[in-house]
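These notes concern the structure reproduced below.
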C-alpha cells in the first residue's frame, strides 16, 4: 500500500442489517460496489459513463473479519489496484470506519473492461492503466493466501 | 460430486437486474444465500431456527462465468460440501437453470457454526457432520485454483 | 372481487426481514412488484417484454395490517384491476399466504402504459383493456378510504 | 411548511436503478426509510435506539412525479409532520436533489410508536410530541387528495 491509500466513505443503510442485527454478508458486497462506483469516477473521470463503458465483475472474494452494525456512520472502503493485465485488473478492498482501526472485511475483485455495444472485452487504455498504477497496492490479505491465521 | 447432486431452485426477481439489464453481481450472492437458507432446512431439519442457531458466513468467493437475465424461471443452485472441520465447513455452489447446461457462476462459501447467545463459534454436532457428509462434493472449480482457464 | 380472484405466489427471501425480525416495509413493496411482473406476463402474454414496452408505477399506497415473518412459504398476492382509463389503470393487492386467512397488507398501485422509445405515455390497446377487465376487482380496502377502522 | 423545512440528504446507490436505468419505484421507498432513520435520531436523540424502541410503518402512499437517475449526488428528502395522535403520526416527504427544483416524488408515511417487548403500540411521550410539533408541516400534496392535476 502507498503512504496514503485511496479510500471512499459510503453510506451504510439501516436496511443493510439482517434479522441477526448485523450488516448482512451480501450487503458488504453491495458496499464494495458502491465504493467502486465512486472510485471509478475519481480514477477515470466523470466523462466516463459506467452505463456506456462497462466494467464487468468477473470474480470476487471476501473474508468477513468482524461484525458490522449500523450506527449512522459511513463505512470507509480503502482500495488499491494489485494487478493489471491487458483487459482486466484486481482491486483490493478493506472495509473499516472513518475512525477506529477495526477491519470488518477484506476483499478482492477482478474487473474486466467491456465494450457493451460489441459485447466483448476491450483493452484498457493507456490513460486507464496510468490511473490504476497511481493507486497501486498490495494484494488483499485474504485467508486463501495464507496471509491471515485461519479462523 | 455424487451421482445426484443436491440443488435448490430459487426465484430470480426482476429487480435483481441492474441498469446493465443483467442480474447484478451482488444479486448472485443473494441467490447463494437464498439457496443456503432452504438447504439448511433440508440438511439440519425444520426444528433448527436460523435466527436462534446461527451460521456465520466468514468467507465467500465467486466466479462469474456468463451473464444471467431475468426470464421468469428460477435459478438452480447446485450445492455440495467440500470441507468439514471442527466448527466450520465449505459449501461449493454452481448457479444454473432448471433446464439448459450453462453455468452462470461457481462459488465457495465458508460457514462457521455460531452460538449467538454466547457470541462464540461452537463445534458442529455429530448429526450436523453426518448431514454434511451426505452432500459431500468436490471443491468448487474456482479460477483461483487454476481449475479453469483464466479469462 | 370475482368468484376466483387472480393471485400469484411469490418467494419471500430470508433477507427480506430487517433487524426487527419481520419482513421490512420496503420488502413488501418489492413483493408487490414481483407479483406484478408475473401477472403482467399472464395478462398480456409472454411476447410483451417489460423492458421494451414499459409500464411505469406512478402511485402506490399500502396499508400494513400484520407482521410477516420469513417461514419458507411464499406470499400469496391476490390482485384485481379496480380502474381503467385511457393510458393508466389501478391494481388492488392483498398480501397473504397460500394457507391461512391472515391479510398482512393491502395496497393499490397506479400504472401508466409507457412508450420507452418516445418517453411518453401511450394508450392501452383494446387487447390490454379486455385483459384488465377480465381481472376486474373492487378497490383495495385502504384505510384512507375509510373502509377499515383506523388503527 | 415552515420557513426552513427539515431535510436529510441520503446517498443514492447505483444499484437503486433497475433495468429501465431509473431509480426503481421500490428504491424510492427505501430512500424514505433511510431519511427517516437519520431524522429520528435528530428528532428524538441518539439515545433512542430504533432497535429497542420501535416505530412501525403502518401505511405509506407515494406519488412518482419524475424519473430519478443515479448521478453521484444524494437525494434531498424534505420532511414535515402533518398529523399527531396518541400513538401515531404522519410524516410528509418530498424527494428532490440538493440543487435544482425538481420534485421526483411526494409521499406520506404513518408511523406508530411501538413497544417491541410487549408487542403493543405505546403512547407518544410529551418530549416526542414536542419534537414532532417543531417540524410540523402541511399534508403531502398527494394526487389522492386532489392537490395535483391527475396525470
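Note that the chains are named A, B, C and D in the order they appear, and that numbering of residues resets to 1 at the start of each chain.
In this section, contacts are C-beta pairs under 8 Å (C-beta built on N, C-alpha and C of every residue); 3 or more make two chains touch, one makes a residue touch a chain.
Since the model is a prediction, treat every value here as computed from it, not as a measurement.
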Farthest chain relative to subunit A (centres taken as mean CA coordinates): C
Comparison of A-D and B-D (more C-beta pairs in contact): A-D
Subunit C and subunit D: spacing of chain centres that average the CA atoms, whole Å: 22
Mean-CA-position distance for subunit D and subunit B (Å): 36
Subunit A-subunit D separation of Cα centroids, rounded to whole Å: 31
Multi-chain contact residues (two or more partners), subunit A: 14-15, 19, 21, 24, 26, 30, 33, 51
Parts of subunit A lying in touch with subunit D, wherever the complex brings them together: 10-11, 13-15, 21, 30, 33-34, 37-38, 41, 50-51, 72
List of subunit A residues in touch with subunit B within their complex: 19-20, 24-26, 29-30, 33, 51, 54, 56-64, 88, 112, 116, 121, 143-144, 151
Touching residues (chain side subunit D, partner subunit B) in the complex: 14-15, 17-19, 21, 24, 26, 70
